[in-house]
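Look at the two complexes coming up: subunit A is in both, with subunit B in one and subunit C in the other.
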Partner chain A sequence: MVADNGKISTRQLGRMVVLDWIGKAALLLPGLASGVSGRSFILSLVLGVGLSLAYGRLVGYLASGVRGDFPSYVEERLGRLCARLLMFLYFGYAFLNTVLLLRLFEEIALTFILPEASGELLMGVLVLGAVYIVSGGLEVRARVSEVLCFTALAPMALLLLGAAFTGGSGYLVPGQAELSPEMAGNGLRVFMVFGGMGIFLFVAPRLEERKEMGRTLMRAVAVTGLAAAALLLAAINAFGEAGMRAFPWPVITLMSSAEIPGGFLQRWDVIFTALLLGTFFAAVSAGLFYMRRLAGGLLGKDRPAAGPLMALFVYAGALWCASYETAARVYTVLGGYLCVPLLVGFTLLLAVVECAGRKNGKAGERRRI
Partner chain B sequence: MGKLSAELKKNEQAVRELVKGCDDILVRPMRLGKQQGIDCFLVYIETAVSNMMLEDSVIGKMLNRLWEMEEEDVAEAIENNSLGVSDTKELPTMEEAMAAMLAGNAVLFVDHFDKAIKIGSKGYPGTGVMKADSEKVLRGSKEAFSESEKVNTALIRKRVRDTTLKVKETPLGKHSNTMTAVVYMEGLAYQPILDNLEKKLDSFEIDGVLDGGVIEHLTADLKYSPFPQYQTTERPDRAAMAVLEGRVAVICDNSPEALLLPATLNTLFQTSDDYYRHFAIVSFLRILRYLGAFLAVSLPGIYVAAVNFHPQLLPTNLLFSLAEARAGVPFPALVEVLLLELSFELLREAGLRMPGPVGNTIGIVGGLIIGQAAVSANIVSPVVVVVVALTALGSFAVPNEEVSEALRLVKYMMLGLCAAFGILGLVFGWILVLVHLAGLKSFGVSYLMPFAGGSVNPGGESRDNILRAPLDKLYRRPLFARRQNRTRMRKKGGWPDGGR
Partner chain C sequence: MKKIIAALALALALTGCGRRELEDRSFPTVLVARTGDLGAREEERQAASSKYIDYGQVKAVLLGREAAEDPASLGEILAYLEEHPVFAGNMLVFVADEGVCGLAERDEKFGLLLEDLAKNQPGGPEERLALKDLLNYLHNGEPSIRVPLLCEKEGEARPGGKIELSQEAAEAVHVPVPRKAKTGQ
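Up next, the complex of A and B:
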């Protein structure tokens, strides 16, 4: 039967990927713009998204060649040690990313929705929800993402549209941006948001149309990049570049001043933030899902208790970080400057080996003919 | 028990032994033939069999003819059914004879004949075909299922006059022997679903199956889920429509409802007149139903979240009037809502159990008088009355009672979460519900189809979910039907748009 085939569709993968990124991108990317001019940052965004699109193409190329599961594929191409190292790096990346998401969730929820609540409790709720999602396996996660992507993002898009047209102060005017080394640095920081996308290779064998994976990832990068750009433009339009520096979370501040035509409510920031934080459940569940799989691969056994254990591990990591700022610093240094470059390097190396393998295969075929 | 004997005395003795103490079962010895030279006896349940002397009953006619025959012709007439009685069957064993008698037929035992004859009769008393009560529609048939499995399968057959409509009967229940029919279209229904159903029906032994609900709960995949994994319907046209989509109907004797499987959330929000009315109206009504379901689950929670955590959401005027209205109420918002919600649940339950007119009165008395009195006594604020009333209206807009009941339970979970985490609790609650629904399957079909995974059957359910496309665009069956047989409509001469 349809629901029992153990596979997910490319549409579901696309939505899972968008949900993994959208919360982080919507909140963190506009923050990167606070140090530079808005126009420069848009160029950085274009650079970062362009790099991510190219990386997505590369990951798609590899996905089309993966036979069986991804760790075995890596082992076959680069040896057992490399395969284990790669899994360890991905595990580390997923862990750091999930810890950051937990702390980001806590920070936003405490600042904008529940100022008197306990941050630890909020993170606990997020982890519990994510564990529940992970317990259903990949198919359940895919279905949840497919529905959540529409039900959370469509109202958010409408709210953004309303905010963009009503909260404008005329700051957004045509001008020029200068190319600078700083812009390239920001571009790389944008790439960091998408840099872990190679992790989706672990679900490539479960994809109905594996060859479409690259296109799906590229589409997801484009959607997330466009959403971030739209949020950024709306925020710059409302607050100007100086205003962007004044607000730590300009996107949410933008929503607090939005007047939705015909809207009944006085303020919309709580609704927007709650919807945005809703996507964190999907993103954190993705982190736990991959951590569980990777830990299973590294230890050689996958047990049902591994899900809650990973959740505890992540929760402990978030508690250890103590604040969002620490989590962000740890993520930037270990995740962004260490894991992402190494993972991209590994992916490039695998692509080269895969390409050589395919060429040899074709040459062998020609010789046989 | 075992094979029947050719000696009538032995059979009669065995039958009398079996029905000893059953005063409602009659054993009537009689003689057949012109000279009344052949001994026989008839065994039947008193109220289930027509008066055998009546000319217009099958048994009466048959016995009258047998009384008029020569003795030597009687055996031949019975053996070859030369009387042309439509509903007779030879039963070679005592078990079959007893089962036929307990099913409401008369069973005739004749001397020197080692088989019993089942003679169909009016059967057990039942309610007959009624008017649909819980699934009322504006357009379409008003017929509802009766409490007889035979009548119910006939009501479906009346609508699907095709021999590919198959009806497989199985007795269920060790003592109740309730006849259960599995109705499906051959070539449309997936064989694995039928096999799975058969396996599940065979997987339990129970004293009695007194309603389809017993089958539903014994064979559900996820027993702890409050959401129904079968669709129940009291409408034969709904069941016929489902069968034509490749779904399977299970009809249980003594139950005025059919169980339809597989069920998805989408099918549970559809009604049969959705297909008899204009698509724009239907789409609008479906949006209203989903909105109703959202309100039924979320509204009390939203109220508590807004009052306790996010008053800044509300327009200033409303906020002032809300504060004014709540000024004299001694309870926190959560208690206030819970008090009124539970009172409403009590009213609903009381109204349901009371006889018809009294039940209605209780609803009016409860709704108007108790609500008004509670507001006057400052127990609850008027806004809460509006919130609870809207919540109830929302749940009534859901066309499936089982879904509505499940949503009632979810509402309390949502209320608790909103009381703890404000609007974030609402999001968290909905995510929990979504994950639960995403994990639910009804006979291998995802419960969230086509909202999730709908891309596997383009042109099918995707045109018939929250919005319904015009009828001529619904030419593909949903994915319940076999993949190679999903076209349900062809326009003679081709479609103007090429059938896209």
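Up next, the complex of A and C:
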């Protein structure tokens, strides 16, 4: 429930995080398996999720040390310049991620649900919905995520079970996976999906139990990773590895091939897609939420930047990209290969400084005693 | 402010159903594929129709015997169906003689009949073939697949057993395949 003290619970945070990731993970991760065998990609998924779990633990460690707001904490430890650089990188990452989500939403909606609609209109509806959610602040976002998480994910899980058991063609058989540099590379690409999670440190002061943040993030990574693995395995079972690689969106094609009892509804792919796209409203609102705070901080203001302004900026970015493929390429290069490694580096550095600070603090206490 | 945003969002959302009304569309329930160039044939069909042909309700596809037995034509047909997500993966597939193809072209509801025919056969699910299975046969390089056959008898479509289609089996299992489906063998 919405607390009177303006804080959110770890359960609400966990659900917000899962909703931020689930759409992207379900749609993009299977596509990373296009160049390798399915079994090798499962290993890549395990590697990527493992790295993300470790990173979640690290972010949780930092969160427990944050006093006041995160930008002030960074400024105290690394100086003003580093703090502003970090905020700029997070703003850039949030922007690129949100633009990708807009274009992904448009691509999927046009391909599977509303082929005759205008793509710009669809992105506009998404952005407007996200602005509405974000205008209520963190508490409203948390509450929306709490409700949406169950109403969207539970039916999707049931549909997946139905598709897995009725659409299977028996291609999932024991076999060998190849360990290769490509497998490791794909593991890092999987990590890219989760690699911006340090951004949740900006809401750490608003968490009721800050010490639980690490565990919450790890749980969200595990849920998202397991969901992606289940979808991938179900798709391999239904289409075989070569078949799966032939489809641009194997997860949705899996639903279109399912023969779930209840003959009055045959286009399960449309229902699944609509539920999945519903999660994009929460994910895009998260992007706008962080962009508002970061833009406000970068401009030296005490309050966040206007939501509609950030929405316009993101919409303009999506229009500039002109297509989903361009948005994906820009996200991969600038967001994945540039922002994520720098953000991870900063997080590691902060953790080292925090650890040193805590040791010095303990040593000081012992001397006083 | 929130109410204005909500009103704008609703106004935009309510226009998302598309400009074409239901009354301006026709909903065939079966697709007949006699030749490999299905796209061109469907374009001709649309040009000759006074309504917009919406394939969202197609329950079954009928492959002409000649097209089904020619790997190149079959590959082209399957590539067309795969590239258009409006055709569901659980859509039924049959090979049909010329008489049944003619019956299907004259009756827009023929697909419902085929759906009932497939559902109520004594063999159950094993007697049905879905588009997904035919695509798996193509992509995974399986050596053969048995497709239900329909023959025309006394003006009606009757099950005529199965016809076996074959292709060269793939040599390697884990060969990366480009996103666009390869057609033919």
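The rule we apply is simple: the second predicted complex is superposed on the first by the 359 of 369 C-alpha atoms of A that agree within 3 Å, B and C clash if a C-alpha of one lies under 4 Å from a C-alpha of the other, contacts with A are read in each partner's own complex, and residues count from 1 in each chain.
Everything that follows uses one rule, which is that contacts are C-beta pairs under 8 Å (C-beta built on N, C-alpha and C of every residue); 3 or more make two chains touch, one makes a residue touch a chain.
None of these values were measured; they are calculated from a predicted model.
In the superposition on chain A, A:242 contacts subunit C only, with no contact to subunit B. Shared-chain residue A:9: touches subunit B; no touch with subunit C.
Using the contact criterion defined above for the overlaid structures, shared-chain residue A:271 touches subunit B, although it does not reach subunit C. In the superposed pair of complexes, A:133 makes contact with subunit B only, with no contact to subunit C. By the touch criterion defined above, A:144 lies against subunit B but remains apart from subunit C after alignment on the C-alpha atoms of chain A. In the superposed pair of complexes, A:281 makes contact with subunit B only, with no contact to subunit C. In the superposed model, A:37 lies in contact with subunit C only, and not with subunit B.
Counting contacts as defined above, subunit A residues 114, 117, 122, 125, 129, 132, 136, 266-267 meet subunit B in one complex and subunit C in the other.
Subunit A makes touch with subunit C in their complex at residues 34-37, 111-112, 114-117, 121-122, 124-125, 128-129, 131-132, 135-136, 167, 169, 171, 238-243, 245-248, 252-254, 256-259, 266-267, 269. Subunit C meets subunit A in the complex at residues 1-2, 5-6, 8-9, 12-13, 15-20, 56, 82, 85-86, 88-90, 125, 130-133, 135-136, 139-141, 170, 173-181. Taken together, the subunit A residues at the contact with subunit B in this complex read 1-4, 9, 11-12, 109, 113-114, 117, 122, 125, 129, 132-133, 136, 140, 142-144, 146-148, 264-267, 270-271, 274-275, 277-278, 281. The touching residues of subunit B, counted against subunit A in their complex, run 190, 192-193, 309-310, 312-316, 319, 421-424, 426-428, 430-432, 434-435, 438-439, 441, 443-446, 448-449, 451-453, 455-457, 479.
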